[in-house]
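My structure is below; once you've seen it, I'll send some questions.
In this document, chain identifiers A, B and C correspond to the written order of the chains, with residue numbering beginning at 1 in each.
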Amino acid sequence: MREALEGSQAIARAVALCEPDVVAAYPITPQTHIVENLSELVAQGDLHTEFVSVESEFSAASVVLGAAATGARAYTATASQGTLLMAEVLFNIAGMRLPLVMTVANRAVSAPLSIWNDHADSMAVRDSGWIQLHATSNQEAVDTTIQAFRITQETELPVMVCMDGFILTHTMEPIDLPDRMAVRDWLPPMAFSRSLDPERPLSLGMLVSPDYFPEIRHSHHAAMQQALAVIEEVDTSFHSRFGRAAGGLLTVEGDPEAKVGILAMGSTVGTLRAGMAHYVEAGPARLITLRSFRPFPAEALREAVEGLDCLIVIDRAISPGLGGVLGTEVAAVLSQSARPPHILNHALGLGGRDIPETVYVDLLDAGRDPDAPRFSVFDADMTKLAPEDR
Amino acid sequence: MHGRGGQGSVAAAYLLAATAFEAGWQCQAFPSFGAERRGAPVTAFVRVDQTQIHLRSQIRTPDVLIVQDDTLLQDERITAGLKSGGAMLVNTARDGGEIGAHFGCRCVNIDATELAITHLRRPIPNTGLLAALVTLEGRFALTALEKAVSGRFNGTILEQNLALIADAAAAVSAGAWAEEMSDA
Amino acid sequence: MTDATRLAELRQKFGRVPEGPSDPKPGTVSPREAQPRFRGLESGHRACQGCGEALAARLVMECAGPDVIVANATGCLEVFTTAWPQSAWRVPWVHSLFENAAAVASGIEAAMKARGKNTKVLAFGGDGATYDIGFQSLSGMLERYHNVLYVCYDNEAYMNTGIQRSSSTPHAATTTTSPAGKERMGKRHLKKDLVSIIAAHHIPYAASASVAFPQDLQRKVRYAMGIEGPTFLVIHSPCPLGWKHDSRLTIDVARKAVECGLFPMVELERGSLSNVMPIRQVRPVTDYLELQGRFRHLFADDPRAEEERAHLQALADYNITTYGLTGGDPDNADTVGTAAVGRGGHPAGRLRP
């Protein structure tokens, strides 16, 4: 049923549709409304779950780890500092290959303190071994959340659903929430092959010597590679059941003949899409939306950029001393193509800097400029900096 | 939509979006993402359209400004970016015409705080302002706002709000902004 | 399946001797096989000789039984019992991190509750995981009232990383990060009074126990297992390597810690002291200290050594006074443990054909 819902409220409702056994979370801006809405659903009797109000994100992640290890369906949500406080547990969850779903309401990481959106938090844990899916709209965030419960079950890999803090979490827009019975029908009952059970005792999280460690890491990597197909299949299955897809591994739109492409993740895509429709005179472009950041869909990306002379990669995070994170990875993956496009990488919207519609025109202009730097913080105003800091 | 923390600006933005939704429109509402504290200036944004809204930027050139607290008019920049032919709805006992003349735009005033105190016994001006806006603009039926309000409140508070909506709608001239807004 | 039948099946499966008429005749099975205990922690693990923690964990598991799930913090116990691909545990067991055993246990318990199961959740941690790095998650677990028995194996330092001081290390003890020298007499600070802090959460039951008193220890475990809600047990567990005493002296050292008053055996219910183990004959602290290399500097010809010995004696005296550890039945607690060990837990004579 379509309703006008705030993003966070929609996510809480989507989580409730998946009927988790255990939810543990600690409030942090801009994730707070998700936790509040879940608490409200529990208080009103609309969600029957063990809701554990923990004393830190560290414990939030640890509680859902324990629950998942018993084969329970578990969920948590966080952002920013909370993601970093969880970091050690996140690696642990993925290393133990536990099925879990977590929403990250993407937010910048302090210092300086910023409560506003960028992707520094989920990028900081990109090597933790979690699947990371980015939503461009609240509808996609809702659909991806529901899909995540199925993906995590099928892959036995934890899934992080990334949605831009405030820009999505605090925006009200029309949302189509699937019917409870339909979700129950589509999402298989929770099952986990290595659960803690007194009837079949097993030890999880053991000490592993160098004799076995590389094999374990290899199998984790292989499982992530295999998850690429699962992510696509689940989106296809969701599409045939609910009538819409949530972006597969990546999607391509715009002019197929265009020589310039723009690649982005998350809500930036919406603004670029609007810009592309509005500023036709700026010239044709191909817009590539990357949904699956981990596992990284190298093959699909190589296909998506075929025929492009120039690819502009938008990062909402920066790795100081290197440049963009996504841009660097895209360049690395495309370096194996026969004719890789020239890659420009720009960080945009760091710490919640508003991204205007005109950015589409500015990016294409920069793409045509032979002197444009390979990487820049695109919207940084140098006049705000002392000359020695520019 | 300009207001102060505690006046319900964000709630008003959500309510307006919900009204558009009830009227069969696409909508998008979001706050200016601040660390809101009671009394601090707060901005919230609403977009409505017949087709799906992809743009997620803050609104820099609004068609309509709603000012929930007339002390915010002390900032001359409040109308910066207002489209030419755009209009401003101010919650004040002062004369809208005079304010409009000062800022160089069409302006209507409504004492929504007074109305709220009468009906709700609380100085929450947002339903009154929205009723006035919907009436002035004529794009959405007042029943859409009533439906949106019913989704948020119930019981006595709902009844009080519905009475407030009727009073506020009667206080402004129906369809006065319809022409200017039709191409917005 | 009812809990009772399920438990019976589990007992069958995991080696408990069937009860009643099918009991084997004395002498027909080896004493190990005949032990009426659940072997949750098997032998053959990699603990050091004389490890107090291994003994304590075995004693706990014996009476906690098979219908449990264990969340174990990083530490010696985790390392020596589960070197992949071998595990000494006969119960479902999970190790996550150093500082989150209580939170992981909370999650397991929440999942049990969500699925309507009565399986009891145990959390195990050393003093580093409990007194220090995992203290926050432990406090959270107690405050949220999870039905978990948390057992702290207290060997008074970070033994897994090679004997560094923790907030549980006794005053004046040497560790690699609190060595004695010209400027220092070992650890400068006091041992954290954890039991009082835990009890201040007003949980149903918090107690201290010692590997030197196995029957008392097991009574406390059984009592805690029967409580629906958070319970806490700290078990004084000597580490021959870290305390620098002979491996065969583990029990002796642990016993003397109790008998001198430095490790008071107390039970607190809902924050109030409900029981203590009285000391029949109080020993001077030096009886305890002199067995251990970590206190060797306190016996040097040095006025500071004398001062520190007096300080430790004062701490022991304080415990004795505060908890009222003297008096009571002179034949109480400190003898029952010996009897239990002698009998192998059987009614007297059972194992002596």
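What we mean here is this: contacts are C-beta pairs under 8 Å (C-beta built on N, C-alpha and C of every residue); 3 or more make two chains touch, one makes a residue touch a chain.
These are the chains along with the protein names UniProt gives them: A, C = Pyruvate ferredoxin oxidoreductase.
Since we're looking at a predicted model, the values are computed, not measured.
Trainee: Among the chains in this structure, which pair is joined by the largest number of C-beta pairs in contact?
Mentor: Per chain pair, the contact count peaks at A-C.
Trainee: With centres defined from CA atoms, tell me which chain sits nearest the overall protein centre.
Mentor: Located nearest the centre of all protein C-alpha atoms is chain A.
Trainee: Using mean C-alpha positions as chain centres, tell me how far chain A is from chain B in Å, no decimals.
Mentor: Comparing mean C-alpha positions, chain B is 34 Å from chain A.
Trainee: Just how far, in Å, is the C-alpha centre of chain C from the one of chain B?
Mentor: Measuring from centre to centre gives 66 Å for this pair.
Trainee: Roughly how far is chain A from chain C, going centre to centre by Cα mean, in whole Å?
Mentor: About 44 Å, centre to centre.
Trainee: Of all residues in chain C, which touch chain A in the complex?
Mentor: Residue positions touching the partner: 6, 10, 13, 66-69, 71, 78-79, 82-85, 87, 89-97, 99-100, 103-115, 119, 136-137, 139-140, 143-144.
Trainee: Under the touch definition given earlier, write down the residues of chain A that touch chain B in their complex.
Mentor: 3-4, 6, 29-30, 115-116, 166-167, 170-174, 267-268, 270-271, 273-275, 277, 352, 354-357
Trainee: Please output the residues of chain A touching chain C within their complex, sorted ascending.
Mentor: Chain A reaches chain C through residues 21-22, 24, 49-50, 52-56, 58-59, 62-72, 74, 88-89, 92, 96, 196-209, 212.
Trainee: Spell out the residues on chain B that touch chain A in their complex, using ranges where they run on.
Mentor: On the chain B side, the touching residues are 13-14, 17-18, 20-22, 26-31, 33, 35, 53-58, 60, 148.
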